[in-house]
Structure formats: C-alpha cells, structure tokens
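Pasting the structures here.
Note that chain A is present in both complexes that follow, paired respectively with chain B and with chain C.
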Partner chain A sequence: MTLLRLAPPLTLGLMAVPVAAGLAGTALPAFGNGGAGFARLLDWPGLPRAAALSIGTGLAATVLSLALTVLILAAFAGTPAFARIRRLIAPLLSVPHAAAALGLAFLIAPSGWIARALSPEVTGWETPPDLLILNDPFGLSLTLGLVAKEVPFLLLMALAALPQVDADRRLTIAATLGYGRIAGFVLTVLPALYRQFRLPTYAVLAYGMTTVDMALILGPTLPPTLSAQITLWMSEGGLARRDMAAAAAILQLGLALCALTLWHCVEIVARHLIRATAFHAPRLPQLDRPATLAAHLGSLAVAGSLILGLAALSLWSVAGPWQFPDALPESLTLRTWDSAAPALAATAGTTLGIALAATATAIALTLACLQAETAEHLVPTSRALTLLYLPLIVPQIAFLPGLQTLALRLGLDGTALAVATIHLTFVLPYVFLSLAGPFRAWDGRIATTAATLGASEGRIFWRLRLPMLAGPVLTAFAVGIAVSIGQYLPTLLIGGGRVETLTTEAVALSSGGNRRLIGAYAVLQLLLPAFAFALATAIPAVLWRNRQQMRGLH
Partner chain B sequence: MLELEALRITRDDRLLVDLTLAIRPGQVVTIMGPSGSGKSTALAAITGTLAPAFARTGRIILNGNDISSLPTRLRRVGLMFQEPVLFPHLSVAGNLAFGLPSSVRGRQARQARIAAALASAGLDGLADRDPATLSGGQKARVALLRTLLAEPAALLLDEPFSRLDAALRAQIRQSVFDSARQAGIPTLLVTHDAEDARAAGGPVLSPLGGTLPL
Partner chain C sequence: MHRRTALQLLAAFPALAGLSQKALAAQWDAVLAEAGGQTVYWHAWGGDPKINDFITWVGQKASERYGVTLEHVKLASTADAVARVLAEQAAGQTEGGAVDLIWINGENFAAMKSQGLLFGPFAEDLPNWPLVDVAGKPATVTDFTLPTEGYESPWAMAQLVFEYDTERLKNPPQDIDSILEWSTANPGRLTYPQPPDYLGTTFLKQVLYGVMDDPAVLQSPVDDATYADLTAPLWAYLDRLHPTLWRGAQAFPQNEPALGQLLADGEIDISFAFNPGRASAEIAAGNLPDTVRTFVLTGGTIGNASFVAIPFNAAHRAGAMVIADLLLDPEVQARAQDPAILGFQTVLDLQALAPEDRARFDALELGVATLSPAELGPVLLEPHASWMTRIAQDWTARYGVAQ
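Up next, the complex of A and B:
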C-alpha cells in the first residue's frame, strides 16, 4: 500500500521533471553570454519568415483539423457512416507522423503517384514538372499533412467524450425542435463537448507549430519552419550554434504560448457567439446538405491521403524499375527488402526494444496510479490532468535541446536506455488517457462482492480487475508502442545520433532520393504499431471466446 | 449473532441511519424504506465499504467480536446485490471457486465441493458454462452459492430479488431464506417491497430504527 502511494507523485514527476529541467537547460545558454544567442538569432535573415511559417502552419492546421472534426461529428453522429469512420480511427491514429508525411510526399510530389496516374493522358507531362508542390514556400503541404494526422486524434478524443455529454439525447431533442443536424450539434453538443477536448486541441496546436519530422519532410526549406531550423542548428554542433538554437527554442516557446493565448481568447468569443446565436434559435436546416458533402469530402481526403500514401510507400518498397509517367512499376521485387534486411532488422530491434521498455514501464506506473487512486480514495484533480498534458503541450523543441545539454553533461545521452526514458515521458500521458477511463468505469460492486468473499485488495486486482481489463490494457499497450515508435526529436536529440530507430532513419533518408529504401523503412515503421493493435484486438477475442459479456455481447 | 450497537451514519450533518438491533442465528431482520433512505448505506457500513463522505459512530458486533474497523475481507459478512454480479471473465465453477475458502486444498477436492454445491441447487452440469449464458434464476442461484461457499458468519441482502419476475422471485427468496436458516446465519435484508419483508418473517425496521407494521 505504501509503495502504491508513491506511484502518482513518481509518475507526475517523470512527466514534469524532464520538461522543467529541459526548459531550464534551454533558457541558461539562451540568456547566457550576455544574450549572444539572441543577438545572433536576430541577425539571421530567415527569422521573420521562419517564425511566421511556424505560427501560420500551426494555426491553419489546428483550425482546419478542428473544423473538419466538428463537421464530421455533426454530419455523421448516429449514422452508418459514423460506424465506418469509428473503425478507421485507431488504425489511422497508429500511423507515425513521419510515415504519414512520407506517404503524403510520395503522393503529391511532382513525380509522385498522383502525377504518375494522371500523366501523360491528363497533364501531358512526360517528365516530372518543375513545380514546388512538396516543400512549398507557404507550408501548404505541411498543413495538409498535419490535418490528415490530427483529425483522427481529435475524433478519438471526441468519441470518448460524446457519451459523457449525453450527445444522442441532446441531438434528438434538437431535431424534434426542428433544428438541422449542424445547428443542433453546434448549439447543443459542441459547447459541452469542447470543454472535454480543449486540452487535446491545445496539444494539436502546440504540435502543429513545432513539429520537426513532418516539417523536415513536407515543410518549406529556405527558410524552414523555426523548429526545423533549430534542429538543423542543433545537429550542426558548435557552441555558437547551440546558443542560437537555444535562443530560438525560447522564442519558439514564446510563440507557442502566444498562439495558445490567442486560441483561448477565440474560444471565449466563440462561446459567447454560440450562446447569442442560440437565443435567436436559427434552425438552419439548409446547412445540412452542403455540410454533409463537405464532411464526406474532408474525411475522404484525410483517410485517402493517409491510406493511398501508405500504399505508395509499400509499393515503392517492392518496386522494380518505375519510370516517370507509368502509373505502376514494371515489376515487383523483394530486392530492396533483401539487401536492407540486416540493417532493417537491427533498427527494428532497437525501435521495438525501446518501445517495449517505455510502454511496459508506462503501463505499470499507470496501473499503480489508478490502483492507488482506488485504494486511497484519491480524487484526481484538474491540476493533475493538466500536468498529464504538460509533455504534450509544451513544445518538444523548447525543452529537448536543454535536456540534451544536461544529458550530455551527465554523460547520460546516446544510450538506448536514455532514449527509452525520455520516450516514457511522452508515452505516459497517452497510456494514462487511454487506460484511465475503462479502469475507473470498472464495476465497483465486483470488488465489494469479492471482498465480502474474503479476497484481499491484491487478489481482487490480480484475479478480477486486471483480467477483466485485459482488453483496455492491451489497447493502451498498443497506443504506447505506437507513440514510442513515432518519436523523432527525443530519439534524435537524447540519442545523440547514436541510437537509430526506424523513425530517425526514415526521416534521415527522406532528404536523399532512394524511394525504395524510404518505403521499406516507413512500411516497417507502420507495421510494428499495426501489429501491436492487431494483437490488442486478437488476444481478448481469443481469451474471451467463451465469455459473452467480456466481448460486449449481453 | 449480528449486533448493531447505536450504529449512526451521517452525511453532511444529515442522519441517514440510526440502528440498534440483534439478529439471532437463522433469523432474518428487514430494513425497509424508499430509495435514498439510507438502507444501502447501513449495509455498506456493515461490509466496511462506506465511502469517505459518510461519518459512522457506534459498533458492529459479529459473534462477540467488534468488526467495525476490520477490512471488508476479514469481516466474514456475505453480501448479495440487486444483480448477481457474477465475474464475467470466469466460468460458473471459477466464480464458485473464488468464494470457496483456500483451506479446501487440492484441485479434486475443490471441484468436488463445487459440483456438490451446484447439485444442491439443481444446477448440475453448469460448472464450465459462461455465466452470461445462464437464465436469471440460474444466475441468482450461482450468486447465492458463491456467497454461502465462503462460509459467511452473517448475510446481507441488498434487494436481491427486485430484478426477478414474480414467479421466480418467490422461489429464489424462499431458497435464500431456507439456506440462511439451515446454516444458522443471521441475515439482514434491505428492501422497499413489503412482500419481501413479510416473507422474511422477522422484525421490520426503518433505517432510523423505528419498527414498521406490515
């Protein structure tokens, strides 16, 4: 019992301490040397544009993602289309950011799959056109990639919150009062629903502004987004560069805070607008058709760009000769896989080892926290929930450079163990969010019944609660694996370039031209989490093949 | 013998329960009242699962021992809820084995005890079944067997018959009361149904201690 008590502070510490220490480690060199870092940063001519790109792509991606999410929910909630979307969310969510970005790049590049499919018949192109579609100077392809990756995340968060706000009955009441679907949803469900996914939206905004892997693959180059430039400076090395990178990281943190504050103000205005609109009771049924059409197109674009992009990656990994205007390769071959097998296997092994270590630790800590909550009758505070989101909202680029400097000083960088430890910081929130709901929703009368039969707390946990929660635990495990495999910046910086995972390799390869090898790395990056999710579905199905209630059949 | 000595439970200064009573072995005492009147709160105090928001004074004595502050699992107080609350991931036999004391050693001995218990309730051959596939009456009987196999020194019934249809209700009620009488277990029934209270045959009290006429 006493050990259990330590679990919540330990877990919060594992999330808060790296963030705090990293921020301090970034601030010291940034403000040290009489502010030389900032002086050099201000002399860099690319600064205004890099900063504008960061703000612009981040805000645009967040607005679009949120709008599309709300549109999909409003147009499809309770329809058969919704059930189809629901089934797609988990697999799409498990696609690592880098793989999604690479897939999109393989689709929309001037020599990408779309151009090949349309050439030469539609476009008349015999050679790839000289267009800057990928890495476009306005960050449009980066924004598109971010939207494709964030909509499934926001949808998942919304799905968990919908039953809590009694959405079905509110929508029915709005419909019986003559409201269209869109108006009914926005006026009766959205305000309560948004309160539930405000923190996830902040995470999306902060991530969108500061992503490095997606920006390196899809974003502009001269200059790149601020975060991407910071990473480039960090990897160039040299003390002057580091001070400049640290100053830029502090600036990036400030920009993110400004954007979050702006977002919060818009929230308040929007809340008043919705309330004022509701007073005039516009039914707006004429919105339903165009909105449903837009939701269809939007969800098709998101799912399509992810799925086709991944198909393009897979196809390239087994492609023989593939000349430009051809829609398909001349032949299929396993040569790429064959020749890269030793390197692929080693990298996949490292990736999986780190992911398993971080996830297993995260699951154990999360279960200990939740069990402590039960045993000690602790009530989770909203402050604890905010702390949980801390590593997701504070931009990685703001605190990881500082943490790398600290790790370097302490001689802790560059090992798989150090990388797994920093992965734990990012895996923990997702594992906790995924597991807390089912754990808390577990029927407490079962514990009471068992206790009256003489069972100890330990026996109730190991024999009843844990087995009954096997499904959610395995799902949380798969989520953790997917999060860990997707980490780019922590792996790059804390690994000091010496710990190679599928993600760091795939991003490193992306600047070169070997599409077959990129495809192989990205496919493997994709398959590992997919395999974890498949296991999380298959194991409970086998375990509970003779237990109707455990499979949700009553 | 189960005795409540001035058992008083309050929440936010509101008195919910005020009971002093003694239940002899085999006797069934009923607490009756509308929902929200504190009936189930009294049971939670006796099982030791009272939420921290409630304040309790007074003592709970079982066979001469004060169990007021013991953890639930050491109280030897059996409990049956409105629903059977069978463990959905275990078979019928697994559910019964969970209640059977570990002092019954060896796989064969335990299986024999479970089979005998099932046979005594007319449930022969259901050992390997998924509890979800049982009928309502069968589930109630399995829940009762599981409770009795743990050899409780007192039995608490939290409206255990209210979910059953009329015909089944009388039947299950009778077998629960008969089992408690045979085993000589003092039993406390909580219900809002006067017919349950009549069938119990013992005194009927309100949660605040007054005797109720039937």
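Up next, the complex of A and C:
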C-alpha cells in the first residue's frame, strides 16, 4: 500500500511539472536578450487589436456559455427535456474543437450549407454572396464556435454538481413559496452550484482567450487573435521571431490572469448582489415562459450548429460535384475516402495509439490516487484540486513553446511517446474529474461487509469496487480518448511536425479549402471518440446482462 | 566497416566536385549503399492532396529502387522546417537532425544558406544533374538572384498564370492596370492570398513589375535609401485595389488552394497559381469546371524553380541525396508534368534525354487549360529575396492589422 501513497504526488507532478517547466522555458527567451522580444512585440502594430480580440472573444464566449448553461439548467432541471439534453452532452462533448469549428465553418460560410439550402429560392443568390461571416474582424464566428463547444462542457460539470447541492429540494421549496423556476434557481441553487462550477468556468475563460485551432479556423486574420499570431510566429522561423513569440506568450498569460482576476471580482460583486436582494427579490414567475423559450432556442442552436456542422462535414466527405447553390451534391462517391485511405488509416492509427497510451496511464493513475485516498484515508485538499485544473487554466500557448524548446534540448520531441506524455497532462484532469465522483459515491458499506468477511483492501478493490465501477471507468476512458484526440497545439509543438494526428492534419488542411478531404479527416476525428463512447455504453450492458440492478450504474 | 567507410566518403562528398566520372560513379555507389534502409524525412508543404499523393508515389519508387523509405512531413509552411533546423542549431544539435530534406526556395534558401544551415554542395554531383536544362532554364541554378552553388537541387519549374472561367468572364484583363480597372468595374470578384503567403507575395511582386519604372532594380537587394520611393506606386495601387476586392479586403484566403477553392465555388472570377498546369489538373480531378482556362499578362509573369535542400545536421544525408537524384529522374519528372498528376513543368533539358525518356514527355497531353510553352510568354526573374521579405512585412503593417 505504500506504493499507492506515491500515486497522488506523482499524478499532481505530471500535471504541474510540465506547466512549470514550460512557463520557465517560455519566460527565459522572452525576458532574455535584454527584453528584445518585448521590444519587438511592442513595435508590432497589430498588438492592441490582437490582444483586444483575445480578451473580447474569451470574455464574450464565457459570459454567453455560462448564461446559456444557467438558463438551460434553470428552465429544464428535473423536466423530461433535461433527460434528452443529458443524453446529448457526452457525444457533443466528445466532438474535438477543430472538428466543431470546421463544421460550423461549413455551415455559416457564404458558400456554406445554410446559404445553399436557402438559395436561390429565399435569398436570390446564384453565386455565394460577398459577405464577411467567417474570419470576421470582431471574432463573432469564433465566439459562436466557442459557445457551441463550451456549453456541453459546463453542462456536464453541472450534472455532476447538481445532486451534491440538493437542487431538486431547493427548487421545490422555492416553487412552494411562489418563486418562478428561473428566479428560484438563480436565488437558491445557483449560489451553491457555482462554487462547484468556478474552476470549470475559469478553464472555459482561459481556453476561450487562448484557443489556437478554433481561432485559426474561425477567427479573424487581420490580425488574428494573439494566440493564433504566436503560433504563426513560432512557425515562421527565425530566432528573433521566437523571442517575440515567447514575449507574446508571456503577455497572453498576463492577459489571461487579468481576465481571471476580473472574473473573480465580478463573482464577488454578484455574490453580494444575490445575497443582498435574495430576501426581497421579486418572484418573477412571468419570466419563466420567455426564459424557457430562450433556453429551448439556445440549446437548439448549440446542438443544431454542432450536429448540422458535423453532418455537413460528413456529406462533403462523400460528395461528388456540388456547385453553389445546390442544397445537396449531385452525386455521392467514396472517391475521397478511397484515395485518402492509406493516409487516413496511418494517421488514425497514430492518433488512436497516442490516445490509448495517454488514457490508459491516466486511468491507472487516477484509480491509484482515488484508492490511496480510501485506503490511506487521505483527504484531498482544495489546493490539490486547483493543481488538477492547472493544465486547463494556464493557457497552453504560454507554456507549450517553452516546453518545446526544453524537449528539443533533451532530444525528447518529435516522437509519439513524447506527444502521448504531454497528452497525459491534459487527459489526467478530465479523467480524474469524470471518475472521482462515482468512485467516491460508491457505497462504502459494501467494503465494510467484505472486510468483515476477511477480504483485504486489494481484494475489495479488484473484486468489488473496480468491477462495480466498470461503467464510470469506461466512461472516463472514453472522455480521455476524446480529450487526447482533440489536442492540437501540444501535438503540433511537441510532435515537431513529425507526429501527425487527425486533428493536426484537419487544421493544416483547413487553410487549403479542400472540403472533401477536410470532411474525411473531421469525420474520423468524430468517429474515434464516438466509438469509444459507444463501447463505454455497450460493455457494461453486456457485462451486466444478468444483473438488472447494475445497469443503471454507469 | 563498410558503413563507416561510406560515412567517411559521404563526409568528403562536397569536396569532390573535380573528380572524374568514374570516381563520381564509385562515390555514388557508396552513397547508395549508405542510403539503403534509411528513412528520409522530407519536410514539404502538405496543403495540396495532389502533391502529397505524388510524394507518396516518389516514396514507393525510392523504396523499390533503392530501399530508401520516404516519410513526407507535411508542413503548413516551409518556414516550419527552417525554424526546426534553426532550433536544433541553437540547441547545439549538429548530428542526427530531424529534417533530412526540405522543399525550399527563395527567402528560406537564402536564410538557411547564409546561416550555414545547409549541407553541400551536393546537387551538381548527382548522377542525373547533367540532364538539367541549366542553360535554357537559368532559374535552376539561380534562386531569387542567389546562385545555388549546388546547395539545393531543382525538381520543378513554376510560372505565375492566371485562371478564369470562360462561362463567367469572356475577356480577362491582360495587364496589371487593366486588372485594377476590371476589379473596380466588378467589385468583390478578385482577391489574393494573404502575405506573407508565398503566392500572395508573388502577386505583390507581379504588381511591382507592372507599376515600377525600372524593374531591373529588383535584381539587387533592397536599398533602404530608395525603397520607399520605389515601392510607393505599389502601395498606391493596392490602396485603390483593396476596396474593390472580395470581402472588401477585410479577409483574405490563406494560400493557393484556398484561392483556387474560391474560384471553384464561384466566389471570385479570376484566380492565379504558380503552376501553369494546376487548372488542367484540377479540371481532371473534378474540382474545377472544364470551362476554366488560363492566361498570362502581356510583358510576362514571374517564374522560378522549386528545389530540395539538405540541412547541415540531417540524420540521413545519403538517403536525402538519393531522393534529390530520384526527383531528377526522367520518369519522375514526366509524371510530375502529367496534368492529371501535378502539371509541374520539368527542369530537364528534353534534348539531353535518351529517346525512350523523351517519349515519356512527348506522350503527355498539355491539358485542356494549359498554355503551350510559347503561349506562356516571357518569364520574369524573381526579384532578390530581400524584396519579398520587405514587402510582405510592410504589407502586414499596412493592411494586416485592420486599422
């Protein structure tokens, strides 16, 4: 059992060390050379706008995502509609950011599916209109893409937290006192819920401000967001450029910290506001009908944009000739898949291999941590929980460039193993968050009974706890696979261009505009995690086909 | 023992330019022996599936003939590979580098050569080198005015050609001034890739050729004293052109395929490419309607050659040289010129080829949209690489940060 004791520090180390080492590796060239990097950065005329875009899109996406999530929770919690939403969350969450962005681009571009469906009958367009929708200078389509991708994430986090705050009873009491659904939720559930929700919200904010793959696909280009520009500088070559990129990465980190601080201040104000007004707030039942309508529309827009976007990607991958303004291709063909099959198979193999290695390790470490918690009666501190979120909150663009330089010096970059290791840093938090709840919620009386029958801790774990938790473990596995497959920047930078995954290929192709091939890569990007989630559902069903009570446990 | 000898020979390779044919042949045998079993990482732009397929095919040939495995490292930009080698140099890695071969030319070549990041000279010792049309195609040994001196080996000729759909546009404009007039009359139907993209910057240079009084100065490095005056007409031209462009110049396609896609989608009426055979190849692939044709400007368009170079610290130099030589093989060159495959123009002198090799080229159809060599007109030389860097930078400062 002493080995188990090592699991929590080892796990935290695997998350904290790469972040710390990477930040140091970025800071060194940024501040070195007499701050030449910063001087050059300040000379770049695009800086104010790129920085403003980063802050603006990040904050807007976070506010909108959070508002929509709260609206959906308030309007639907406990209703049959919520069960439908619940079933959609995992598959939507497993959609990699790049694929979601590409799907959205295929949908909303002037030559996209929506314009094709409405033309020429409704719009009168015979050729695609000259409208600036994608890559718009204010980052609106980027914000939209971020919202579509973050709402499912926040909802998943909320699903885990809702039972812990006893939401149903709070809502019932509020309702008996005559409060509307929305007012009741905001006044009684939200304050308790938000405490569990804070770190995920921070992660959403940090991600929104610093995403690279989504910004390259949907974001503005004149100039791009700061993170996208840093990536361009990193790949442009030249030591001067790298110093400048490092300086910009440090600036990006500072901006993210400022935004997080600002967010925290707003939290404090909001808390006081709710507290001060809670006792004499209007009960607002009249708000329920419009709010429910808005929640319906919002969830429909999020799910619709993701699902239709993915449908557009799939259709393009099998499309024959498809001229504007036809709503559908003239014919369907497997030519794209046929000709790309060898490349697709090889890339999918690499992607899956890396995902499996990172996820299997993450599952083992997470189980070891949780078991250590039980066996050694360790209590997880809130600091440990913050460390867990570290790789999700510290912007990737701030520490990965430094880590790349470090890996290069150590001769560790450019291998699938190095990529799998850095993926582990990002997979671990999600696997842990996904597994910790069910693991801790397992009925300890079963263990007590087994112990009185003479079973050892190890035997209880292997013969009772793990088999009974097979469902959650498999779900965590699928989450891990999905997270790994979606990683763009870590794969690009640590892989040194030599490790190609479906995501790096799809983003590289996205600038070229070959929709059929992009579609094929994006579809595979979707299918692999979807397959993992399907297995996570199917395996327990087969395992427990003779045990009715177990089937509800995953 | 054998391996060690070959390595030593290899190390001496650049110094052997003066050797006899026989000695060179023995030398090459040693290279071949060393190359067998190696995996060569060719860092090449990976944005075009047709080129990617061609490189895969070259890899099959390399493995069949020489037992060399070719891995195509698909880059978003050639500068990625340059950055990589530079980072390795900074990290003190002088052996076993990740990049074995780079598809390169222009400013990247100039930068790598001047910083001592290239292995060589090797190109003129390759067995297929005598087939290269050095006299007829001087761009094969002069890269953006910089003599290649054997530090890179050519594999394809390129020339800027414009593409249009005859269904939508009957009489395309024939020079830089009429392009501006036409775009003003037809707003939103023209654009160019966003500099520093290669093709986008080439368009700027083509404009520069069209608006400058004396384009000959482009053959010398940029002179700070005269730069502003010389380029003033370019910026004046762009200031007038931009409001008439696709999306009002608020967004630009990111590269050549993206520009071509806009033509295919009917979003623009005139597109251009650095490959005279691109339109035919795209028609053959079903991506462009068969009514698309190409044209060049009166007075000529910019042309250059594509090269491969080997970094100083490449792990598999012998294998890389074998690939560079294979790319000059008549069979490979003919395949690259086939409009159904790539439509790249060959770097070889067809007169120097054996009859059966020349027959491979004679058998090729030009392709429905490809101009004949005579119709392609005069080739304008690439300006000195410093022009490209400088105008790309200035473009970004003027138009790339959306004031």
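Assume the second predicted complex is superposed on the first by the 551 of 554 C-alpha atoms of A that agree within 3 Å, B and C clash if a C-alpha of one lies under 4 Å from a C-alpha of the other, contacts with A are read in each partner's own complex, and residues count from 1 in each chain.
Everything that follows uses one rule, which is that a residue touches a chain if its C-beta (ideal position, glycine included) is under 8 Å from a C-beta of that chain, and two chains touch if they have at least 3 such contacts.
Note that the structure is a prediction, hence the values are computed from the model and not measured.
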Among the partners chain B and chain C, which is in contact with a greater number of residues of chain A? C
Once chain A of both complexes is superposed, is A:Gly34 in touch with chain B (first), chain C (second), both, or neither? neither
By the touch definition at the top of the document, which applies to A:Pro80: first (chain B), second (chain C), both, or neither? neither
Between chain B (first) and chain C (second), which does A:Pro163 come into contact with in this model arrangement: first, second, both, or neither? neither
In the complex formed with chain A, which residues of chain C make contact? 41, 43, 46-49, 52-53, 56, 71, 73-77, 79-84, 86-88, 90-91, 93, 98, 108, 111, 187-188, 194, 196, 246-248, 250-255, 257-258, 260-262, 265-267, 286-287, 396-397, 399-402
Using the touch definition from the top, list the residues of chain A that touch chain B in their complex. 377, 443, 445-446, 448-456, 463-464, 467-468, 470, 544, 546-550, 553-554
Chain C contact footprint on chain A (complex, rising order): 44-46, 49-50, 110-111, 127-128, 130-132, 134-137, 220-223, 234-239, 241-242, 320-321, 323-324, 339-340, 342-343, 405, 408-409, 411, 414, 496-498, 500, 505, 508-509, 511-515, 517
In the complex, the residues of chain B that touch chain A are 47-49, 51-52, 71-79, 81, 83, 85, 87-89, 91, 98-99, 101, 130-133, 146-147, 150, 152, 156
